[in-house]
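Same chain, two partners: chain A is paired with chain B first, then with chain C.
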Partner chain A sequence: MRVLTCNCHGLIKFPELDLGPDVKIEQYDNLCKLKLDIGADETVVIAGCSPNLLEGIFPNANAEFVNLLEHITLVNHSPEKAEQLIVAAVAKMQNTPPVKTKVFNIKSKNALVIGGGIAGIEVATQLSKNGLPVVLIEKTPFLGGTVSKLDRLYPEGTPYSHTLMPLINKLQTSGNVTQFFNTEITDVTGRVGDYKIKLKAKPRGVVECINCANCIDVCPVEVNDAGKKRKAIYYIPTFPDMYAIDFDTCTKCGECVKVCPGKIDLEQKAQESDIDSGAIVVATGLNWYDVSKVEEYGYARLEGVMKTLEFERAVASGALYPKKVAIVYCAGSRDSKHLPYCSKICCLLGLKEAKLVKDRFPDAEVYVIAMDMRSYGTYEYLYNTLRDKGVSFIKGKPSEIHRRNGILVVKTEDLFTNELLEVEVDTVVLNSGFVADTITFDKFNIKLNGDFPVLFENAGLGNYELPRGIFTAGAATFPGSVSETLIDARKASYSALSLLRQDKIETRIPQAVVDEDLCSVCRMCIGTCPYNAISVVDDKIKINEELCMGCGICAITCPSYASQLEGWNHSGLYEQIRALVKEGDVLAIMCRWSAYNATEQAAHDKLKYPENVKIIRVPCTGAVDPSHVMLALRNGARGVLIGGCYPDACHYARGNFRAKAREQILRLNLEALGMRKDRVRLEWIGKDEAQKFADIVYEMNK
Partner chain B sequence: MAKPLVAFYWCASCGGCEESVVDLAEDLLKVVDAVEFRLFPVAMDFKYSDVEALPDKALAVSFINGAIRTEEQEHIAKLLRQKSQLIVAYGACAHLGGIPGLANVANRKEVFETAYKNTASTVNPKGIYPQTVTETEYGKLTLPEIYDTVQTLDQTIDVDYYLPGCAPPPDLIMNAINAILEGKLPPKGSVLTSEKALCETCERNKTKPDKLAIKDIKRISEVKADPEKCFLAEGIICMGPATRGGCGERCINANMPCRGCFGPTKEVKDMGARFLSGLASIIDVDDEAEMEKIAQSVIDPIGLFYMYSLPSSIINRKQGV
Partner chain C sequence: MINLKNSDPKFKWEIIKKEGGEGLLKCFGCSDCAASCPVRYFDERYNPRKIIRLTILGMRDKVLSSPFLWFCAHCHACTERCPQGIKVAELINAIKNYAVEQGYCPDGYKMQLELLQKMGRLYEVEDFDLKKRQRLGLPPIDKTIPEVAKILEQTNILKVLKK
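And then the complex of A and B:
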């Protein structure tokens, strides 16, 4: 084994090192400037400056870094301590096997795009324009998604066709796109670069069509399609240019067949097909929240109480002439009983409906009842326009809607005037929020935060080094305006494109590895993984290499040490701590993302802390083993400090909470073993909280 | 061919391990046929001097049960080591310290006070405690010294194999004896049972949900346990995930959760700490105060996490006593 030491231009004074015959010591002046070769099968100790820096220079080294600059030189600690740190690092690496290289071959260059709304259309266009073969699947008979159901788009109120038709036309001429309609995914197997997908297309019924519209004259089935009337056989002027039968309502009376100059097959069969793809873009859009669940608002019970979309379509198609309208905001949103989140765009949709009424019927009275108006950015101008047009804004959350003498009464407080109001209207629009198409998310094991995959995880959306080849685009990521949706679609296109341009992905990030000979499939680890990376496959525990971020939480959970995090296996750390901790020391086990940086900052802030504080760096507080804490205490440590990120700010989402639970029970255990429980402390230490770190280690030294 | 010579000795134990030999039933006759005992205090009248008289390594194997807590036990263990080719730590107490090892939460003085004075059934107004040497009118009486700290067998002598369990079950005993007789032994230091934890074979593992998430920690004495469901999934502490399998799920079948008598799997040095870590990890709350409350509901952590293994663990006794 090699120990590479760097004196950082003479800044670091080295102790005399004798590490035995198996260890070769190499000395450098400025390791950071050299392009040293460190083999993938080799394990080394690198002693010099900050691991945060050296890791960037040797990203693939199986190394334990000893930070002599910030933990010794700049804080005036002794060369003997430096030696102890190096000896302990050697003990760790002598017991730590190298990290395995993970290779993912990109076998299929096809991209699968799920969803034929504006996001899916844009992604398919971008990818095929860049020369990739694309399969686009849409679960309804027509392209266009939610946008094609609307009358108009905010803020200006332009008809959807201004935006949608050019997008569809670009798609149809962009290159190699296979489109499937009425189609859903039945099965997904494989992984990034090599997915196998089964598709099932439900019958359209209409086989050949010249768009003569004869059929709608004879079809006896009338359908209310979200506020707009149509027949069981129908057409949406997007794409493809042919009618379709809605078999959920069609009675198969056969009238259309008689008048059709083309071909209608009422007994058409579903069609299955198999495709392969290297990357998948989920653009499944959004659904309105089922507002009938907000019982006090009387949807479906009270005539005249409508959903946003129904209202828009009814007014736009001339089926409704409202004179007094109340638009109730946040119907079921930001409410722990319904949708706990804000869907971001509904405020603007409500303003759009207000404008629709005012555009069509300038004399109509419109009341917007909202706790807040989140007309973010430049959309504020839409809000101002409507104030000028005489729309009344009431700050409040209606408690109830009922009907009195044929009139709808919305009971609400007005927080501007502190009055209780009864707003009397003929129509109420329940402006609700959105939920995602979670069925598809489940199929692809996309982790959700609430209903949508937007994760407020500072580490980014999953494993950035090992993309799973699954991306979300548009409102499937989170509801947005048309322009935001298109921008998100282009981001997803870029991600898919840069993935599919490669022939293989190779990484060396450390991951959890399970030893089948030790694993009892007790399943304790499964639920502790913040990334859903662990599952049972064929009665064995399997770690999904595309998902594991290497936090180590599962490894410290495993009661058998069957699961181990590469580079941080239990015996390596055991030997490190055994060699490092001497009688009276304070061992500081620090999370690499926060507390460890604070220990470095302490050097630059010229803070002093006692020599007996020995610092080691771990991926996460969730990777700290209670057994190792006990070992340090047995070795005579005065105290063990575990430092990590503040609650909710953990790089791996929940590692610090796992650490907290372990610390709590460990302290009970230590108390029972006759020790003061504050000899072990788990503290939240931000990356700049050098002073806090110093204060704590002083305290622990008392 | 001469029959192999065997010793079966007891140290700090309850006698259950002797009992387990009787549990071999008709197999016991086969054993008695195949070997020749040279020390078996519970059953046969040999003297220590008989053993002392044997040449070194004359015994093919010594099975030693019980933890080491007295001078005499240490002495005989060392003697048997010298006279035996193989030493098998027999049962949880020799293997891990066992129930007698729980005395490590106290010291000799406290143990004496409890045993010879404070218990309700003891009358000892003069506070007389056992002494290593007592002068009487008939001469000097001696007793072996009792130590402050109970030790496992392998903390006292080099051990070749471990037969785990409180007490070891008959099938594992017979497997071990056959392996020794046939010379088909695994690597030295092996624990002669499954390499995997108990959940592997536990019927109830099938009822366990994939994601274990508990909101409270219960003791078996506080609840009426469902006879089919995984204890742990119900929040009842079961050491099964941290305990070597092979016992035949004896306790589980009696609707008692596992308390860990088979000891940890091979990579684990401290089964209590390892189980504690796993248990804490499946507590499904993110609120710090709530977490503290749940943690506090772990009553008697040592009795729970280290019922059989305190002397073998990283911190093997209560500090400061």
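And then the complex of A and C:
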């Protein structure tokens, strides 16, 4: 084993070290400037400056870092403490097996894109332009998704043809894209680089088509397709350029077959196919929330109460001539009984509908009833335009919509005037929020926050970070405007591209490893994992390498100590604490994401704290075992401080809550043993709260 | 209680046509005007935001017959702070002018006008006042100013009031 020391421009003074015959000590002047080669199967101790810096310089090293610069030199602590820190780190690493490098081979260079809306089209175009074979699947018979149903796009109100048609044309000319329509995924197996997917294509009915439109004249079945009337055999002017039969409503009367100059097969069978793919882009888009669940608004019960999409299509197709319209915002949104979140784009959608009415019928009266108007970014001008056009904005959430003497009445309290308000209209538009297509997310085990996969945003751990090869694009990530959706699609296509360009990917994220001999399959770890990475396969606990982020929470939860986190094994930590903690010390176990940074900041803020404070670094407070704390106390520690991120700010979602629960129990046990319970403290210490850290350790020394 | 059945959709457009009323529809209800208003500090029943919002909703009678419309002291603090650049004090003025045209002038204002027309002053100058001025060494003033009545005639205000 090697100990690499760095004197950091001569700042750090080293004690004479004697660490036994097995340990080789190497001294360097500026370690950060050297390109030292440290093998992945070697364990080392690196003593120098901040681990945050050195981790970037030695990404492959199995190293324990000793921060001599910030924990000794800059706070004027003695070289003896430096020696203790290095000895403890050596003791830890001698008992810690190296972190395994996980290798995933990218066998298939195919990219699978799920969803033929604007996001899916854009992803497929970008990938195929870069020379990758792409499979695009769409569950309806036509490309275009939600955008193809709209009359116009906000904020300008341009027809979708301005955007969608060029996108589709680019896709069709980019080559090497296999498109499946009416197709859904039935089964997914495999892992990144080697997914096997089973597809099932429902029958389209129309086999050969010249677009003569004879069939719609004879089809007896009329369907209301989200506010717009069509027949059971229909066509959307996107792609492919042929009709399709909606078999959910078709009565198979055979009239269309008689007049068709091409070929219609009413008894067509479903087709199944298998494909390989290395990466998957989920672009399944969004759905309108089922607003009939908001019963007080009377959707589906009261005639004249419509959803935004239905209203838009009905007005645009000339089926509806509204004179007085109320547009009700947040129908079911920001509501704990329905959608607890804000879908971000519906405010603008409502403004778009108001503009649609004002454009087509300038004399119509439009009332927009909104709790809050969020015309974010540059879209404010749409709101300004509509105010100038004389649309009446009422602030409030309607309590109910009912019919009085045949007229729809919307009841609300207008917060602008602080008065009860009733408005009588002929049409009510319910502007509801959006939900994602969670069925597809479930198939790919994509973790959700609410309805959308946006859980790890601030930790920088998007779906892009996980070694899974599954990416979300467009409105499947979160509802957005057309331009936002396209930007997100390009991000996702870049991620898929950079993955598929490699022959194999390597990851060195430490992971939990389960010792099957010790494991009793009690399943306690399954519930604690913030990433759904643990499951039971063949009566054995299995940790999914693609999902585990290395927080170590499961390792501490395990009552048999069967699960251990690579790089932070119990045996290693015990030895470290044994070697480090002397009579009367304060052991500070610091979360590497916040509290540890505060201890470094203390040095740069020129704060003083007692020399008996010994700092060790852990991935998460959730990975601190009570046995670590008890061992420190048994070794004579005056107190143990566990420092972590503030509630809700945990890098691993909820590790600090686990730590809090353990601290409570630990304190009860201390009392039962006749010790002062404040000898163990769990504190939230943000990365700049050096003063708080110093104050706490002073307090613990009293 | 506002029932928009009684609202007059033309009302807001009529106010906009008046001088000072142009900015009406720019209001987005932030209530900065009400928060800035010193009158409101003394009587919370006066609320410029409420007057503007009711005007936008077309509640003609409610706005024009409100006694609070006349509380505005024209300090222009609201005009200074409105984030949408509405000249709020001018706007209130426009609504007042419109109210007078529609015969909603409060009696107090009518009485003041009569006084002005009669003697050109709101405060009647008596012999006692003249003596007091003399004692203080100030020059005497006229008991009436007939020019003011002429000005009032020129502004058409009297005809507007009689309507």
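Just so we're on the same page, the second predicted complex is superposed on the first by the 694 of 702 C-alpha atoms of A that agree within 3 Å, B and C clash if a C-alpha of one lies under 4 Å from a C-alpha of the other, contacts with A are read in each partner's own complex, and residues count from 1 in each chain.
Going forward, a residue touches a chain if its C-beta (ideal position, glycine included) is under 8 Å from a C-beta of that chain, and two chains touch if they have at least 3 such contacts.
All values reported here derive from a predicted model rather than from experimental measurement.
Once the two structures are overlaid, the count of chain A residues touched is higher for B than for its counterpart among chain B and chain C.
In the superposed model, A:Asn669 lies in contact with chain B only, and not with chain C. In the superposed pair of complexes, A:Glu296 makes contact with neither chain B nor chain C.
In the superposition on chain A, A:Gly390 makes contact with chain C only, not with chain B. In the superposed pair of complexes, A:Thr417 makes contact with chain C only, with no contact to chain B.
By the touch criterion defined above, A:Val536 lies against chain B but remains apart from chain C after alignment on the C-alpha atoms of chain A.
By the touch criterion stated above, A:Cys558 is placed in contact with chain B alone, chain C being left untouched.
Shared interface residues of chain A, touching chain B in one complex and chain C in the other, do not exist.
Interface of chain A with chain C (complex): residues 365, 367, 373, 383-384, 387-388, 390, 392-395, 414-424. Taken together, the chain C residues at the contact with chain A in this complex read 1-5, 9, 12-13, 25-29, 49-50, 53-54, 56-58. In the complex of the two chains, the chain A residues touching chain B come out as 517-524, 526-528, 535-536, 553, 556-562, 570-571, 574, 625-627, 630-631, 633-634, 647, 654, 657-658, 660-662, 664-670, 672-675.
Every residue of chain B that touches chain A in the complex is listed here, in rising order: 105, 195-200, 205, 208-213, 232, 240-242, 245, 264-284, 286, 288, 291-292, 294-296, 298, 300-302, 305, 313-315, 317-321.
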